[in-house]
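Note sheet for the following structure.
Naming follows writing order (A, B, C and D), and every chain is counted from residue 1.
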Amino acid sequence: MSDETKPAPEAGSSGVDAERAAKVAAAKAKAAREAAGESPATAEPAPADADKSVDAEKEAKIAAAKAKAAAAKAAREAADEGGETPKPAPAKAPAKAAAKAPAKKEAAPAYAEITGDAFIAALRAVFRDDIKEAVTSNGQQIVRVVPERARDLLWYLRYDAAIRFDLLTDVTAAHYPDRKAFEVVYQLYSIADNRRLRVKAELPEDQSIYTVCDIWTTANWLEREVYDMFGITFEGHPDLRRILLPEGWVGFPLRKEYPVEYRHNEWVTENLNILEIPEGADLTGKFD
Amino acid sequence: MNAIPLVTHHTETLFDSEQMVLSMGPQHPSTHGVLRVILKLDGERVIDLDCDIGYLHRGAEKIFENRLYPMIAPYFDRLDYIAAVSNGLLYVETVEKAMGLEIPPRAQYLRVILTELNRLASHLLWLATHALDIGGFTVFLYAFREREEILKIFENFFGARLTCHAFRIGGMTYDAYPEFEAQVRAFCDLFPKRLEEYETLLNENRIWLGRTVGIGVISAEDAISLGLTGAPLRGSGVDYDVRKTDPYECYADLEFDIPIGENGDTFDRYLVRMEEMRQSRRIIMQALDRLPDGPVMGRVPKVIRVPAGEVYHSIEAPKGELGLYLVSDGSTKPYRLRMRPASFINLAALRKMTVGSLVSDVVAVIGSLDIVLGEIDR
Amino acid sequence: MMIASGPWMLALNASPKWLESLVEQFFAYLPAWLTSNLTPTDAADFIVWPLIQIGVMLVVVLTAVAYLTLAERKVSAWIQARVGPNRTGPLGLLQPAADGIKLLIKEDVIPFKADKTVFTLAPIISMVCAFVVLAVLPYGPHYASITNINIGLLFILSISSVGVLGIILGGWASNSKYPLLGALRSSAQMVSYEAAIGLTIVSALIFTRTFSMQGIVEAQRSLGVWFVLFLFPSFIVFIVSAVAETNRAPFDMAEAESELVGGFHTEYSGFRFSIFFIAEYANMVVVSAIGATLYLGGWYVPGMDWVAAQLPEAYREAALTLMGITAFAIKCGAILYLFIWMRWTFPRYRYDQLMELGWKWLMPAALANIVLTATIYIIGKELGLVRSVEGVLQMDWQGKVYFTVAGLLAMFPILALLNAINRNSKSFNLRAQRTTIPISTRKVKLSPGVKPA
Amino acid sequence: MLLVGWEALFFWLLTLSALFAAVFTVSTRNPVHCALFLISTLIATAGLFLLLRAEFVAGAQILVYVGGILVLFLFVLMLVNTRSEVENPFNRQDKAGAFIAALVGLALLGAVTYTQQRGGFFKTKPSADRLAIENARPDPNAPAGVISADTETLGVTLYTRAVLPFEIASVLLLMAIVGSVLLARDRRQEETYD
């Protein structure tokens, strides 16, 4: 998900590396939302567009397509009168709102600010500004934290918080090349309280994050995999080696700039004995 | 591939003999695929071990980012190829959750029946290979006999025996074939007797007990810290099952119990899975009784686009909690699709469970973790 | 040069003459020996007749071994609810031939860094040791076996203890880690179970009073009873140790395909592998033959002599032989079937548990059984229930009843002893580790959790 | 000792192979090969026992030495790293050892020759009853079920005339067993089992 296609609050929250314009946009969007309840923000794509240079056309296309899809879906849902809601509502409400609002360029916000959750409020009280944002998406709670404090937050969540998140379900990451950043994602689960929480730390590409290996043993392999796939360094990790790819592999495959197609490199030559790519071979692996 | 981590617990060996570094796998009979375990041995005692994985790495998560949503589903059948139905379920449910789609009740019940049948098939394969690892060859063939019955049903339903695929985003592609219900019922009637047969061979068998009781013990705290899920976690006495804590499909309407162990050893994991098979059969019977009529496909847009946002969805796969983390930018392809592989995380516990035991125990513990390399390596 | 006196000089002076005379004597002696010893009778007695016997026996036993593999596959298939080989010939009867041909024409690989001599030698040792002992087995009345040597049983035991060298050396010479581990396991296992099997046989010797295999059969024949009645505990120890001795599941430590891939024969292929394979099955035959001879009366079945006596004089011997061979084959077959049955029923022991079983269970049981059997025998002798006449035991029905009952009662003190020894043993006293072994686990009813707002 | 007929042939065969194997046992570099040659020596010696009509001793020799002791030898040889000895050529100590061994060997040879020249043990005449035993062919149709004279003699001797050495030897062996168990038992095992 790139900045441009993201709704305003998202753009605003990820403003560590964003320009002032984005912040302004975020503020605007927040104000708009507060004022108009669910009404979609209108102007935010513009400042976001201002940041980027190359893919303007493509982005516009995507945005258009997305808006269309949202409209279609919302229309269907509107038609589907009696749809029950065992699924969490927040995911749907914006979509419905989008349907009501005719043919806007951007869909409703995918991330909604958490209000009225005692636990999150308590967490905010402890970590103050280090928690950049606490939002929900599809009814799932997400806490965004500055990377420097991620480990402290996770420690707190495991050992000291009112709800102990004792199971680290997953550690992963996502790459946002336009922001030159990774998001390291920790999926937490509390067995006693049956509650899930996602902690995200946005990490500039050249920065490293501290390991949580000693908090959860399971983080050992998971962080190794993140390192293997994204090249994110986990400081203090006892055994940070590649795990799925062979030792000596060049590049980190899940970074966005890493191509899907076959890579001819030294490792391949040496270990697989593929000396050259045959003529006319289609190695793109792309689908469009 | 990777160098062995040289953490030595003690260096004294009998007769000052050499420490032997033994590469077990990737083509070893009991490493369940292409797992390579590098063992450091003093005689037969394991001083240290390291798992070398990735022989089956296909870059699935990278591929997902370059495929349309409907095109991704078949890839999932090839991850945990033993439990293809569960994997397929996870994917379609995640996308449905992100899109807020409704699934018709009949499709929900059919999905549950098929997934539980798949759980039985997966557990039977586990039992077979676990028993084979410990040397019980006959149980292997008995379990395959029953698994064959399930695969026949799958073959009729999906047209495939292993990489079964009939779940679509929004429901199912087709309804059950006419004899489906009767065949599943016939299997369910037969199954308890067969389970007893296995248990006759194993439960009270002194050798089996000697090989499993007190082997690969993991405490509840360690299990949680290691992120274990599924039978390894429940074997340690932690009652966590996604079907109960976070019910998906129609599991909330069905009645079943979650078996948990007490000691967290190989034998408890074995007992938990055996009981899970009984419970799965119970679920199938209930779902068959309540199987509603109606369409199997809900209303789905022609072009599947997931609205911007993110979702984490998990199901209780045979191997443990199988999670899928989907980040969408609103396009027709996922921005990031991350699978939480249960086997991968369970396998990480191997070292903790086996250091200090014997080579034979390593084999037994690998069997009791029930890993599948397609899922670990992705 | 400085040493010019003492024994050195004597030795230097004397040795050529001495050596010369020795060599002279040897070469002068050789032709004389040849002419004096290679008489036609001698040649017939010592060379031709044994060769014929050996040839026949080899053909018969090799065929039997080949069909034993088929039997094993058929029996295991039957146990496992499948069909087994049924494509090669009627009922798969040509399967052993097909297997043999396949193994013969397979490429014979010697690993690059293997010790070639030892690698080649190992299967030969296995095979030779497995087949040499066939010479002393009592297939039938004494003229139906190749030879009846004085120390038959001891001979079998010692030769089969040499046979394990094949496995050990094969594992070592492969210069590979799995075979080495298999060899290590095998050597430790052999030493342990050799002791148990030897000791349990000692208690049987109290009744047999000879090592000669034919003598053992005759001893049971003269009493008209099988020793399994008198020696039930010993028989059980023997059967368990025998399975371990032949390296078969649940004691197949040396192979353990799920742990050590193939153990000692991992690096062997083609014909060398098949030699190991044949040797294993031949060992099975041998061990079951010992069991049949020691405990089940060998070729003797009570009432056999009576049946033979009813026949005309001319056929008597032939009938006895025929009946004897059949009975022997059936008894061996029964024990072999037991072995096969055990293999496909039990999981595999772990290496240390195997050692524990050998040293803490079978050894004490065998030792206690020797003491008990000797005590029972002496009491019986004092009571006049058994007499030794020219080295042959004689007893009436009271004696037989006494020994049978006493032999069965001996189980109790043995079990008490084993219990006392192993009360604190970790891997056998499973109850010490868990208060209860639940038949099924606890079940919990989880309620669907409450989702956060 | 009079060597006649087949016995002579087997005597020479066994003696020579025992001697050659013994030489190879000490001269081979590879310890496993040494053990193999030692086994050959022992088996050949067992054959010599058979020639002496000592069947039980022959059987026991193979059972105990080859089946037991040498198998344990091999067990230890395989555990211990012996490659360095295989690769390293003679060092000074080895040379000294070889020299001493050669000296002792020559002295032995001299002694043997000396005694032989003086009408030593090679020329002793066997007693009549011993000759009778030696020259008796085993009767192939002897009544079975009779205990072997050799075994019986051995047993009787062991438990009557040789009972003291027998007991001393057994106590010695017991001491060896207890000692080796004590040596091999390390802290880890004690923690596990106590």
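Note that contacts are C-beta pairs under 8 Å (C-beta built on N, C-alpha and C of every residue); 3 or more make two chains touch, one makes a residue touch a chain.
Worth saying up front: this structure is predicted, and the values here are computed from it rather than measured.
Visitor: When the mean CA coordinate of each chain is compared with the mean CA coordinate of the whole protein, which chain is closest?
Guide: Centroid comparison flags B as closest.
Visitor: Which chain's C-alpha centroid is most distant from that of chain B?
Guide: So the farthest one, by centre of C-alpha atoms, is D.
Visitor: Could you state the distance in Å from the CA-based centre of chain C to that of chain D?
Guide: Once rounded, the distance between the two centres reads 24 Å.
Visitor: Distance from the CA centroid of chain B to that of chain C, rounded to the nearest Å?
Guide: Computed from C-alpha means, the inter-chain centre distance equals 45 Å.
Visitor: Mind checking the centre-to-centre distance between chain A and chain D? Centres are C-alpha means, answer in whole Å.
Guide: 79
Visitor: Mind checking the centre-to-centre distance between chain A and chain C? Centres are C-alpha means, answer in whole Å.
Guide: 69
Visitor: Provide the list of chain B residues touching at least two other chains, using ranges where the numbers run on.
Guide: 43, 240, 245-246
Visitor: Would you pick out the residues of chain D that each touch at least 2 other chains?
Guide: 79, in rising order.
Visitor: Which residue numbers or ranges of chain C touch two or more of the other chains?
Guide: Those would be 184, 426, 449.
Visitor: Where on chain A is chain B touching in the complex?
Guide: 1-2, 5-7, 62-63, 65-66, 69-70, 72-73, 76-77, 80, 83-84, 87, 91-92, 94-95, 107-108, 110-111, 137-138, 140, 142, 166-170, 172, 174-175, 185, 187, 191, 194, 196, 198, 216-218, 220-222, 225, 229, 239, 241-247, 253-254, 258, 260, 285-287
Visitor: Would you mind writing out the residues of chain C in touch with chain D in their complex?
Guide: Against chain D, the touching part of chain C is residues 7-8, 10-11, 14-15, 18, 26, 29, 33, 36-37, 46, 115, 118, 142, 148-151, 154-155, 157-159, 161-162, 164-165, 168-169, 171-172, 180, 183-184, 187-188, 190-191, 194-195, 198, 209-212, 214-219, 222, 390-392, 426.
Visitor: Chain C touches which residues of chain B in the complex?
Guide: Residue list for chain B touching chain C: 20, 22-23, 28-30, 43-44, 131-138, 141-142, 145, 201-203, 205-211, 213-214, 239-241, 244-247, 252, 257-263, 267-268, 271-272, 274-275, 278, 358-361, 363.
Visitor: Show which residues of chain B lie in contact with chain A when the two form their complex.
Guide: Within the complex, chain B touches chain A at residues 1-3, 5, 53-54, 57, 59, 61-63, 66-68, 71, 97-100, 102, 222, 224-229, 238, 240, 245-246, 299, 301, 303, 305, 307-312, 314, 321, 323, 325, 327-332, 335-336, 338, 340, 344-345, 347-348, 352, 377-378.
Visitor: Give the list of chain D residues in touch with chain C in this complex.
Guide: On the chain D side, the touching residues are 5-6, 8-9, 12, 30, 32-33, 36, 39, 43, 55-56, 58-63, 66-68, 70-72, 74-75, 78-79, 106-107, 109-111, 113-114, 116-117, 138, 140-141, 143-148, 150-151, 193.
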